[in-house]
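In the two assemblies presented below, subunit A is common to both, partnered first by subunit B and then by subunit C.
Right after this comes the complex of A and B.
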């Protein structure tokens, strides 16, 4: 019988310090996520310097918790995986320096992982039978991509945002309405009490056949709506604004993903990233996917947010094909999908 | 005992291995590459050349700050990561101590200057006293111009070193007393870090992989802006404050009071009154006094390094004066180190007058205390 492959993965690209132990790529032994959200709330968003300091303060404890919960020690590890981009450079460097120190001290391979590819890999953990190729929408606070996943290592970007990321638009609108931070979950929640057809915000489908996104138009349109209401001293029904805004974003995301899956004759349309946790997006996609004969997949909410298990999963497929990194590995804040720099 | 020491507080990366007081190897690179790319490769090469494996190391040391925030963190995360795997102690050595240590037994006053951007430097003053490096003054963040002006008033020979020296080349002027150390001494040396780490280890001053954090001195800009908008609350010290008060005490004094001392003051000393300044729920400063009949004797005042320069100390003293007044105290008094010019200026500003000197009052350095008095009713 083959020995199990145990990978310890570290993720510190933004404001979650996460360490996970993953066995054979898809079996999570532990996935500890220490969120800094409460620290950043008062600033209305993630402060990079504060995030970096917090990562350094908590990473070793999170690491111990991950080993303990997985009931393994450093001796049992076959490789160390770490997110090396995209993300906040100062934050990435904490995970990276820690991972390199461990890999070197234990003399085991280091595997640099692309954060966005990690988000896609979250689907492998959730859906044990899923294999490439398939089409995936990665949408979060920092990314909005439609990706044709050709294999475990080859990706084709079909479309991406030309301005704001989808999650960023949620954050900005939430802030404009005084809902707080982070905006995604707050809008998702309050929108359930609102009427999605109350206000007709624009949908940016862009030119025919494009899989790109643009969220700045809808963002301005919501801000203008809020301003004009305030000037006229009319009541703003926050739940309706939230629901209508969300609807226009969700419809475009869903329509483009289904179209992309059809274009590639993909059996599956997968969702990944923080925005994949949006309940309305999941619902609309289910409906549209069924109508088009495409199976819609998404990870459970904990695997949609930033977490190290997804990094461990992506690293496993690099490990078995011998694609490891050396100790010179650096943080690459602007890393893109399929980037050859790692 | 093998010590691995590194310093990444500035653009220079340096690593050294020391065994029982003997330097086995030291690498230093100031080639403009990021620490992330060069540090671990440097450690790997160094250990290989020294014939050592990571598991042969007993102590892990790095600079604890101040310095480049990112540089400090790369060093700390690396050292903590190695110490974590190998279950060995971590020692954080103050960056300015590391720099000053390079000028062994130098008769001039040693003034390390670390670039803190915007024409400012992190700095302190050191001297060698019977073979021991002694810190004379903690200047923290100071503009290059102000520092030069101050150094000129000392009328003593001063040696500048550290990556901030470039700020001084043109402003030293014709001062014969102030000089810049030669290139080899301007950079931090991991060997100095290792030697200091060994001294610290021998007196039990070490941390663990999960407790060590760098001392950044400066907060992030976002926090500074945020705190400017926050109210400062002065209130009576409570038990829950003791932990944070002790942290400030340790960061401020050479011979700090113990936690128990504070607890005892709160519980048992009926004459004592202690106040704290809270910002956003965190203790930023504290102060206390004993009220004996009609005299209020200030026992201690300290402001957390991160909150200095915001007039919080002044607020603490004013609140103590107010409390004393309410208790029908007529006079207030305190002792202050002769060298503690900022504190003496503050007390003067608040109406305290020099009233004499207690010779050798401070047992740690033998320094004199200035006695100050103020009539309050």
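Right after this comes the complex of A and C.
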């Protein structure tokens, strides 16, 4: 029998401090996420300095829990994986220094992982049949990309946002309506009580054939709507605004992803990133995918948000092909998909 | 001080673009304005004026985006920052006193560390949904000259 490959993965690129132990890439032994949401709620967004300080405070505890739950010790590990970008530099460095310390003291390989490639890999964990190539939409607070996943290591960016990320639009609109943070789940929830056709917000499809996104127009149009209602002292039906706004974002995301999958003759259209947890997006995509004969896949909500299991999964495929990093590995805040710097 | 009226996001972009052609290494542009006022649209224009080919996107989550153009552009968005200490932590001095031009969105949030010499630009929403009032307030000779140049430019005089 072949020996199992056990990888410990660390993710600290933004809100969450997370440590996971993953066996053979797709089997999660533990996935501990210490969410910092409570701290950020008060500020209405991620505050970088707070983020790095909180990561530092919780990393050791999260690490211990991950090892304990997985019932492994440092001696059982074959490699250490860590997110090295994109993200907030101070936050990334906490994970990186922890990972390097373990790799160095246990003399095992260190594997730097691209956070966005990690999001895509979350799909491998829950869909054992899934293998590249396939087309994936990665949408979160900081990213909106349509990616053609050519192999475990090769990616082609088909489209990306030209201004705001999809999740950022959700956060900013939620803030403007006084809903709080994080905006995505709150709008998702309130929208279920609203009428998605109540207000006709614009859909930005951009020029024919483009897989790029633009969400700043819809953001402005919702803000203008709220503003004009306030000026006229008319009642704002928050649920309707949330549902209509959400619909205009979801429709564009779903239409472009299905089109991209068709263009690449992909059997699958996968979703990843925090916005992939949006219930309306999942529903619309399922319908559109079915109509187009494309199977739509997405991870469960816990694997859509930032977590270390997805990093461990992505790292496994780098490990088996010998693509490890050295101890000079640094944080790269503006890392892009398929970036050759790591 | 110069006040300009922009009738659309496209015009805002074009004013930014003209400004971008006038920027030098070390130029500092501070942007104020509400959510959706057009700060990122304006910065996209600056990017075009600096001959940057990439899409200039909102750095709200990343705080700093870097672009290569005629000279580098360091695009800050300090919307999510709560105090100037966070700017020190981000190593802002290396950018401010570096080899590129700098745009800071939501600059009011970090007023204390903004150098005296800069061009402060406020984008105000008007009653009409699409039009904006753009107020340019230069401090120092370099920035006064930039604003004069902008005032005399063909685009503005039409």
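By definition in this document, the second predicted complex is superposed on the first by the 342 of 342 C-alpha atoms of A that agree within 3 Å, B and C clash if a C-alpha of one lies under 4 Å from a C-alpha of the other, contacts with A are read in each partner's own complex, and residues count from 1 in each chain.
Methods note: contacts are C-beta pairs under 8 Å (C-beta built on N, C-alpha and C of every residue); 3 or more make two chains touch, one makes a residue touch a chain.
Note that the structure is predicted; figures quoted are calculated from it, not measured.
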Practice prompt. Could you say whether A:90 touches subunit B, subunit C, both of them, or neither, answering first, second, both or neither?
Written response: both
Practice prompt. Answer with first, second, both or neither: which of subunit B and subunit C does A:145 touch in the superposed model?
Written response: neither
Discussion item. I'd like to know which partner A:163 touches here: subunit B for first, subunit C for second, both or neither.
Written reply: second
Item to complete: Have a look at where A:264 lands relative to subunit B and subunit C in the superposition and call it first, second, both or neither.
Response: neither
Worksheet item: Touching A:52 in the superposition: subunit B (first), subunit C (second), both, neither?
Response: both
Discussion item. Between subunit B and subunit C, whom does A:63 touch in the aligned arrangement: first, second, both, or neither?
Written reply: first
Practice prompt. Enumerate the residues of subunit A that count as touching subunit B in its complex and touching subunit C in the other.
Written response: 43, 47, 49-50, 52, 89-90
Worksheet entry | subunit A - residues contacting subunit B, complex | 42-43, 47, 49-50, 52-53, 56-57, 59-61, 63-64, 74, 89-90, 93-94, 96-102, 104-106, 327-331
Practice prompt. Using the touch definition up top, name the residues of subunit C that touch subunit A in the complex.
Written response: 9, 34-36, 38, 40-41, 44, 55, 57-58, 60-66, 79-83, 85-86, 89-90, 125, 129
Response to the item:
Residue positions on subunit A within touch of subunit C in the complex are 14, 43, 45-50, 52, 86-90, 141-142, 160-165, 168, 172, 175-176, 212, 216-217, 219-220, 223-224, 227-228, 333-334
Practice prompt. Flag every residue of subunit B that touches subunit A in the complex, lowest number first.
Written response: 34, 36-41, 43-44, 54-55, 69-70, 73-74, 76-82, 84-86, 209-210, 213-214, 216, 220-223, 226
